[in-house]
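Single-structure report; data block below.
Chain naming follows the written order as A, B, C and D, and within any one chain the residues start at number 1.
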Amino acid sequence: MLIVMKPAASEEQIRAVCEKIEALGYRAHPMPGAQRTAIGITGNPGPLEPAEFECLPGVAEAIPVSKPYKLVSRELKGEDSLIRIGLAGADVIVGGRELTIIAGPCAVENRDQAFRAAERVQAAGAHLFRGGAFKPRTSPYSFQGLGEEGLEILAEVRERFGLLIVTETIDPVNCDLVERYADVLQVGARNMQNFSLLKRVGRSAKPVLLKRGMSATLEELLMAAEYILAEGNYNVILCERGVRTFADHTRNTLDLSVIPAVKRLSHLPILVDPSHGTGKRNKVLPLARAAVAVGADGLIVEVHPQPDRAISDGFQSLDPDQFDELMAQVAAIGAVLGRTMRLQPAGAKLE
Amino acid sequence: MLIVMKPAASEEQIRAVCEKIEALGYRAHPMPGAQRTAIGITGNPGPLEPAEFECLPGVAEAIPVSKPYKLVSRELKGEDSLIRIGLAGADVIVGGRELTIIAGPCAVENRDQAFRAAERVQAAGAHLFRGGAFKPRTSPYSFQGLGEEGLEILAEVRERFGLLIVTETIDPVNCDLVERYADVLQVGARNMQNFSLLKRVGRSAKPVLLKRGMSATLEELLMAAEYILAEGNYNVILCERGVRTFADHTRNTLDLSVIPAVKRLSHLPILVDPSHGTGKRNKVLPLARAAVAVGADGLIVEVHPQPDRAISDGFQSLDPDQFDELMAQVAAIGAVLGRTMRLQPAGAKLE
Amino acid sequence: MLIVMKPAASEEQIRAVCEKIEALGYRAHPMPGAQRTAIGITGNPGPLEPAEFECLPGVAEAIPVSKPYKLVSRELKGEDSLIRIGLAGADVIVGGRELTIIAGPCAVENRDQAFRAAERVQAAGAHLFRGGAFKPRTSPYSFQGLGEEGLEILAEVRERFGLLIVTETIDPVNCDLVERYADVLQVGARNMQNFSLLKRVGRSAKPVLLKRGMSATLEELLMAAEYILAEGNYNVILCERGVRTFADHTRNTLDLSVIPAVKRLSHLPILVDPSHGTGKRNKVLPLARAAVAVGADGLIVEVHPQPDRAISDGFQSLDPDQFDELMAQVAAIGAVLGRTMRLQPAGAKLE
Amino acid sequence: MLIVMKPAASEEQIRAVCEKIEALGYRAHPMPGAQRTAIGITGNPGPLEPAEFECLPGVAEAIPVSKPYKLVSRELKGEDSLIRIGLAGADVIVGGRELTIIAGPCAVENRDQAFRAAERVQAAGAHLFRGGAFKPRTSPYSFQGLGEEGLEILAEVRERFGLLIVTETIDPVNCDLVERYADVLQVGARNMQNFSLLKRVGRSAKPVLLKRGMSATLEELLMAAEYILAEGNYNVILCERGVRTFADHTRNTLDLSVIPAVKRLSHLPILVDPSHGTGKRNKVLPLARAAVAVGADGLIVEVHPQPDRAISDGFQSLDPDQFDELMAQVAAIGAVLGRTMRLQPAGAKLE
């Protein structure tokens, strides 16, 4: 059930509706919009009676929800959510006019590698630095990340280059640690339906970057986000990173049609990861252009100072010069859709 | 085996090499390039000895081919193939700087519907008109097309609106008929591995639009094209139209990463069909933008004067106003990549 | 619309209903059952009025059909269809208590190979001999079959070993030739939606073995069969041969759940091809057991006298000794479900 | 690297090899077989020198391993692993001649429901009782299980009906609790690559039932098991439960070919879950037969006293009478392969 308040509803009226909901034993999720506030109700075992709420002062309408997701849905909130990242809560805004660019190596390998990557991606106009300290790897014998040492290096990157930090958390206990260092908590594709982890990041004060699972439907992706919002953390950024199909010319099949589909159904922003989405360095740039053209709110790209020496995923990482080229091309495509970039690169034509 | 001639090789030397190949009982496929000519050899039961050809006058190199395809490969021909369509053979060129736009209804329903669609797509800058006269339909009880009457209407469209005609041929015998009317023979996704049909269109003088099968790998797509080239028809245009996956938010999953993959491996041009590729009208426009951004040579789009009354595929057809909007957006994206359009629409910014 | 006649309806009453249907410009498909006859109506552009038929003498009921398929459906015909193969029309019955076993090489390579295979599969209890004379191959440079010479060898196999012949037809014109030699016309997976071919075999007097396409849904498979029945050929045998998925430990993923699904929805028999369904020799035997256990009406298995020397598909072909083993195991599994085999092998326990 | 000891090697010699491995800073995994002991080495950053180990007393051979998995592989251990379940460690053996049957409701709903299910599945010959106390659900608003109260009910079931308990653990902390009640720890499909959880159950003394992820390749499944073995818990039971494909006639596509594939590559036992594998009650029985016929070591089946009133997954649960029928049919199929059942039901023929 969604309660839509009248544009002129007072704070007091909104609070009264929430109190009534809580008194019934359910949970109220007020979501203020530019025009009016909507209040989602969760925790109700069965359908509710609209009339019970429509009689309250300030209520415009009570709408039974047909979709299995509520809090992430456009029905609840017509306007795009703007996700604010950073200590002051306004350093970077995801979902607005400016495209958000996250870049950095797959894994933090050492301070030198991280700093060299950070220097270049910062200069090229990225907002956030990515780098894994805890790596979910298919093999138990593969490099699993530097752990807390990696997090410390990431904190130094933030300090020195002014880049906010996105890094992956792999379980609820690990989240206690990662949360102390990261500006954005990443939930990886393999954990998209790790519901314990979703609930844990849902209780965090930090925004969450939620990657689509390898065989997740759109509804499952939105339901995973719903788990996070239902715990009270409304700052969720979705991310398409390719799905698993029979096609073998790329590591995954990047499903760009999910971007306009998400935009129709949800108010949450969505990024695209062309690095994992293709798994091949030579496909990253064209798919990055396509991602921006289709309407994504930004990109997350693997950049390594020396891709051929990377401990993991080197074959899909760009070198810094290739990333400069990507930023120039993406800026030019974005401009056509009215999207801006932090830095406006010089050359616009890509011929 | 590929025989690469020296840039200075004479016509006579080229002919001599071909004659030697034929004398051995194989088939020679000379493919002239801007710089030099390459000659493909097919029909050899096993590997050939390079030395046997490298001693001939004018031969630069004889290269054994590792890939299962030869004639479609970049190894044979480094430059992009330009496919010329039309009576004079130069009305429209696919694969060059100009984006090729094919538009029209799923099926030709009657003269009025075809003319109304043609008038608008011509005005918007399309080069070719699409419309099915023979429709492969999942159900034997669905409308199967007007048949020859539909082809006659298409011929009138060409006459009146100056649009070249793309229409589907569904079997070798049917091809005799369709060939008399069409400028481009379309082989549909369900027939991508109908090898009898591929061989038949391979013996046609008309260019062929070959759509990727619903679960075809990249290699299978290129091998299907190889069938056509192996018969002597080098004028093949590939087309990505979505593949079948578990994802259910679109009818098919448009695999845009196949575009740069084709460009690396083959000299043939490739278009994208965002209408079948998504199966939903509201996804056609964003995916059309993405297709051009990723590097496709053009688009094939379903446009119907009244989509809600279409006999088939109305739910994925644009109305003419939506098509105008698509052309404006695509022109702006294309401009960033240095691609031109037949008509340059006024407004470029899409905000 | 289905017209269900009363059990006591006379031939004359049935004919009168058919005449009325034809007089309305539609097509009548009378399908006699053990208890009563049902008459399918096809060719009607829209819904019909039940009352118009229910008033005719001998009519029990007129049922509007909700499913897109009619003639293949259990609604039309509750009992299993028995497909009779052979000149006298009763040599082999597919869909009854006896499991039908089709075996032989992928391609007919020469008389010696075919005879050696035939001798062994006949001795092991197979009913039909399979072998391709026209082979749809991914590459134009692969062996495409012996053509009519192959068909002649197949005819000799029938003559000498008393095995009925299943072989593939690849296009409508080719069907004129294949029909003269084959007892069962095979439509391959790549041609499952080659509607011209479906219509052509639908006008043949020979039964049709229709293989499921690599990414065909159950509904598409049934609709492909419907094309054949709608032309008047009711003798269709379906075949599951694996579908295309992300899984890479087998060439295709054998979808055995489609067997009980077909049995619920349709009266047509269905076989399983564990050779193409797995693409690996060592998986053929266990999946053949599973196919019979799940309820398939029989198997089609690739057997080659010397698999390692096979021109095509040797890696998935059994040698004759392995086929003997398969027959023994399948007989024992079949016995559990009350299915019989032509020959009852000695050993039943498989430990 | 695998160290294969001579059949006559003494305990002392085996210990000496392990000590040498540990002294080098790696981890030794001795795995005793009927004939001889093999010792896996993990934790080595790069390839090792065979000669360094082959010179030790009692060592037959040192084999570099090519596959990414070691401990789960047949190369390490040629014989089938027998997984012993229960306090005394020998109540139930999975992977031997006897088929293992796990049955029970999707979720424990209350004592009455659990007892009624347990009574019937015990009487029918099941070895273990399944039932979720912590349920990973797509929606945060769906029933998430009774939690510890559910575990207590399961313990009562064990006490009263003598059935060992399989139940799911959903994160490393939760495992501390579940471990106190369960006889087998289940890792669900959505958590197959939750590496924190895999490491945690790898440190448990309880056997683990590891379900294949919805889009996991065979290699990924074996690598997930490798995570558990690498931590020292060698008691892993694999489970096929269907994968995600385009096919829509079942909820998942049961991939039975993975059973013989696992048997070739690994010594671990594997069960099949036909309930989740099909998602439809009417498909459970035929696919259970097929699973046993293909060579699975047993089944895990959802059984509910009143499926139509089940809180979750009722549509795929059998009622107790249907389960009796399944047990009879499975026993008959199993007998053909020399597999036994706990109880031998009366009727063997299934006609």
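Assume contacts are C-beta pairs under 8 Å (C-beta built on N, C-alpha and C of every residue); 3 or more make two chains touch, one makes a residue touch a chain.
Remember, it's a predicted structure, so these values are computed and weren't measured experimentally.
When the interfaces B-D and B-C are ranked by how many C-beta pairs touch across them, B-C comes first.
Using mean Cα coordinates as chain centres, the one most removed from chain A is C. If you average the CA atoms of chain B and of chain C, the two centres end up 35 Å from each other. Chain centres here are Cα means. That of chain B falls 50 Å from that of chain D.
Residue positions of chain B touching 2 or more other chains, listed in rising order: 215, 244-246. Residues of chain C touching chain D in their complex: 215, 217-218, 243, 245-250, 253-261, 264, 277-278, 282-283, 286-287, 289-295, 329, 332-333, 335-338, 348-351. On chain D, the positions that touch chain A within their shared complex are 42-43, 68-69, 136-141, 170-174, 190-191, 193-197, 199, 214-215, 219-220, 223, 226-227, 230, 244. Within the complex, the chain C residues that touch chain A are 215, 244-246.
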